[in-house]
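Common to both upcoming complexes is chain A, partnered first by chain B, then by chain C.
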Partner chain A sequence: MPLSAQPPASGERYALSASLDNARHLSSLLRAVHFQDHATCLATASGLRVTVEDAKCIQANAFIQAEIFQEFSVQEESVMFRISLSVLLDCLTIFGTSSLPGTSTALRMCYRGYGYPLMLFLEEGGVVTVCKINTQEPDELLDFDFCSTKVVNKIILQSEGLREAFAELDMTSEVLQITMSPDKPYFRLSTFGNAGSAHLDYPRDSDLMEAFHCSQTQTNRYKISLLKPSTKALALSCKVSIRTDAQGFLSLQYMIRNEDGQICFVEYYCCPDENITEAEL
Partner chain B sequence: MRFRAKIVDLACLNHFSRIINTIAKLAKTCILRLTVCKLYFILSDKVANGGASMWCELSQGNFFDEFQMEGVAAEHNEIYLELVPENLSRALKTSQSAKAVKMKLTNKHSPCLRVAVELPSLSSSSRIVTHDIPVGVIPRRMWNDFREPSVPDFDVSIYLPVLKTMKSVVERMKNLSNFIVIEANLSGEMNLKIETDLVSVTTHFKDLGNPPWASEDGCQSSAQGRDLESMTEACIDIKKLQQLLAGQQVNPTKALCNIVHKRIVHFILLHEEVSLQYFIPAIS
Partner chain C sequence: MKCVIAGGNVKVLGRAVHSLSRIGDELYLEPTESGLSLRAVNSSRSGFASFLFAPLFFQLYEPGSAGPETELFRCKVHMKSFLGIFRSLPSLEKSVGKCLILLKPRASRLVLQLHCKYGVTKTHNLAFQECERLQAVFDTQSCTSHLCAPARLLAEAVVHFPPTLAEVTLGTGPGGKISLRNYVEDEAEPSKTMVTELWLAEDEFQSVAVAPGSHITFCLKEFRGLLSFAEASNLPLTIHFDEPGRPVIFTLDDTVLEVHLVLATLSDLQSNSQSPSTNGVSHLPAPSDDFADDLESYMVAMETSEGGSERPPSPTFPLRAPQPAQSEPEEEEEEEGAVPGTPPHKKFRSLFFGSVMTPGRPGPATTQEVLAEDSEGES
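Here is the complex of A and B:
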């Protein structure tokens, strides 16, 4: 094997170095936030966060905790770079996306630091692939300042409950209106499309409802085109937490269980589309 | 000029359809050359289209229960037809459960290859689906254009890795680049490489083995005395390679490739009595 194909010895100084027995654990989560070509990666001692944004209105974060990796070491307090997500995904799935039992792609990932490429070493069945992906200047990320203390309403649903609703969303509607309330209708999804309006209510005592903490009635609209990409994360998840803060910012937190039973999170933040007045209700 | 043939055995029929499907994926139009013992599907692409060429050879005895053909003349007992393999592939689609498929060269209004598929029927009357596939008869003076390409005097010959793995790798690389570099040496190692402004990816295969070529054809001699580790490489159009890997339904028992340094890559897929050769010229 040529020298270039050999993974670097762990002794070498890398700002970030990580290894993973099954690269699918990473690629499937990244696919859940792949609605824009570029992503900003932030590695800290606690793990890797991959952020994708669009239109300064929506932000998606995939968190891969350090424990998911067999080895995860960050030399600095935090390491940040921007990368083409499509290229990264093509590289991670170079041996295919299908999960044949007994075969998995092992991954070793290294990043020397600012200005250096991200190196991936992938191995499956004795075949080794080396990828060198150029990194870019990281973007200034949006700060939604969404902290749990400011949350007004919070609902945790089993994902299957929302999957159906999202699959049948009337895409001719420009917005999805979400109503959360301590009283009836508790949790309502509404669309206003060419063929008319549709309202979908979830009763508070539904089996799908895992938790219901609503302190005040809130109705907010979100651009449906911005929320649609989150369906990718929804499809993989088992539970979803829907939260809003006082300004109507929406947080969708998806809990995703991988093939090995480990739990990861993908989070979407979305700005409200407009403030609707009481008269419109 | 006469041609009439019949396939009865279902396994032969399915195998034949798979070969036609493969050819349809590789060539929009091709030449079908018929001789007493063999069928050849030939593509010699124009340089403007990338210049890939194909040579697929099968023994009629392995597929056909009846095979009668009379060439243009006794001393040139062959027929050359030009056809769209996709048409033939479509005609054979209905044949998956057929009792028999008959093929015949006809000339009612224009020359056609008639494919008659006899389907199983519950009643006494038979069900037959007939396709007339237009063909062009190639005159004898042009036959020379479709001679078998000689095996190039390659620098390296190597067995290909598991085609499924190779297909997956090439498919991902195709998303990233338009060109791929194939390199191999005489120690059974092969690398697939792409490089763009954004990314460079190299996949290393090893322990593939180098086929023993008889020394009489002179190919081995050029390899002798050479450094076993040194790589021979060629950069080719990744789409052509991807087409071959994605389209092939031959399920070859043996697959290998020969590389002439910076000139051409020659793929050979073998399955029993079928051989498919595909030539992709290098891009400088």
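Here is the complex of A and C:
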């Protein structure tokens, strides 16, 4: 590591210390979940998970596994803190977002423990920036209790097929309706806007369809404003897995390949829109 | 009404919608026996465009059945929602294989279905409004002047004008040249005004039959919309016009497509009232061989009447070469210390539309004025 302003000597005790020779691997994933200002970070031996939530209805997780880092050590079983994601991203991209080919920002990240700031040492072209970001009390996170055994329908699509659909979503519609079915229309996205309704159908034998495991017909509605931020992750991803459980909870898993060919995942969970007629009954 | 559009023609339809979206906020769909007509009119009713796609344009075309008493069903939809479907022309070309348009009066829905690559189907159910027939009254035959040029020539000419420019003047010059210049508002400050003028040689055009000395001023925005369509379709554009104040008609003709754009033109003070109220223009030279001078002195007359200056325009002006830049300092002097006079009224004559009007009748552009007159000029 070409870090000249010596970061802490290795003898010092840090709850979390990690180094990464290209900070963009981290910043691009964080940007994929950056729809709220604050994020909760959880570091365990397997890696770093950054969680962002909104309206108690949507949760986004970016997983950066330990292997992505050149060095990753966690002294305790798990280390958790809340941090301003906007500030963290600003610091990570302090040398600019568009790096020239061949140049990259190296990162060393240290966290002494509860109450201490997160320290970032960023180096590019011999210039070192040291950032200290205050950490906050971690939030209690939503537990969607979404486990793979309870999944009713699952579809894996090439992201290319969804990108255009999400870019063209009729934002005058309050909801996005997702239909998954073993029979026609198989997989349908619908909006109901001012101008009328629009349906987008993907046949199960489409070349975009990597996997199709639907056991029963399900139609659920999700707030379009909640799902729209997931477009950021969709833009980066190569494949997306769309799953629903019996209650209609939605899981969108995006597989993201970075410049070095390593694979990371970003996951969005979303609550279904409550069906008013059912609630009234 | 049911029609199916295949392959590359979907993009042509998309481009037509883009072009129509420059005109108005509503898109009129009119299925007829001779094809599907898409029309739009602007809010001040001074601009109208129609695209008639012949049945051969479609893979399948069923205009629906009209009873002996009833006419074929027509409707209008929000331009925005229709345009949204065709927004991205490159992706339209790349991914759409087939487009199906269904007009279901019973279900009150206009259905547009795009069959895309990978078997993906996009179905849009649009709300529509029943409407009367939209028809501008114009007659290309009665126009005294006709110009035909490759769209590219005109597109490359108008690209020199700033995007914010509202109106452009098309005129004739010496040696059969055709000029295009930005129209300068009467109350524009000469010191802050830039005049751009282009001369196009006669041999650049496919045909030129213009009344000598004629010139018309029309809106550029709508014209640009049509030009981009014409250029992309590689079709020659014909311009039919008459005296100022009479509508100008732009047409594109193809075996499967017929396009008309009708725009109101700015009425000419001199030709409307032979004795302008202000001084200094009475010695306006009669049309001579040097028509550029005529145009030039016309512009001078405009400037003079605007400033309300007591000083008559320099008699040397009409003899000057048509270089607007030269006359600017002189006009600027006139402007200073000038007493604000009555602003000349700038009027676009409206095109008269009516549901009962039959097309092709040489309807006079009546004196109904739609665009508001200019308010008091500030000097």
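As a working rule, the second predicted complex is superposed on the first by the 270 of 281 C-alpha atoms of A that agree within 3 Å, B and C clash if a C-alpha of one lies under 4 Å from a C-alpha of the other, contacts with A are read in each partner's own complex, and residues count from 1 in each chain.
By our rule, contacts are C-beta pairs under 8 Å (C-beta built on N, C-alpha and C of every residue); 3 or more make two chains touch, one makes a residue touch a chain.
Predicted model only: the values in this text are computed from it and were never measured.
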Room on chain A for both chain B and chain C (clash or fit):
fit
Now for A:K132: first (chain B), second (chain C), both, or neither, which partner does it touch?
first
When the two structures are overlaid on chain A, which partner does A:S206 contact: first (chain B), second (chain C), both, or neither?
second
Broader residue contact with chain A after superposition on the shared chain, chain B or chain C
B
Mind working out whether A:K150 is in touch with chain B, chain C, both or neither, as first, second, both or neither?
neither
After the two structures are overlaid on chain A, angle v-u-w for chain B, chain A, chain C in degrees (C-alpha centres, nearest 10)
60
Please indicate which partner A:E168 is in contact with in the superposed arrangement: first for chain B, second for chain C, both, or neither.
second
Let me test your reading of the model: by the given contact rule, A:G196 touches which partner, first (chain B), second (chain C), both or neither?
second
For A:D90 in the superposed arrangement: first (chain B), second (chain C), both or neither?
first
What is the contact status of A:K184 with respect to chain B (first) and chain C (second): first, second, both, or neither?
neither
Answer with first, second, both or neither: which of chain B and chain C does A:R257 touch in the superposed model?
neither
Report, in whole Å, the shortest distance between any C-alpha atom of chain B and any C-alpha atom of chain C after the two complexes are superposed.
5
Interface residues, chain B side, partner chain A - complex
161-162, 164-165, 168-169, 172-173, 175-176, 189, 197-207
Chain A to chain B touching residues, read off their complex
1-2, 4-5, 84, 86-87, 90-91, 93-96, 124-134
Would you mind writing out the residues of chain C in touch with chain A in their complex?
77-78, 80-81, 84, 87-88, 91, 95, 109-110, 118-127
Can you tell me which positions in chain A touch chain C when the two form their complex?
161, 164, 168, 170, 193-203, 205-208
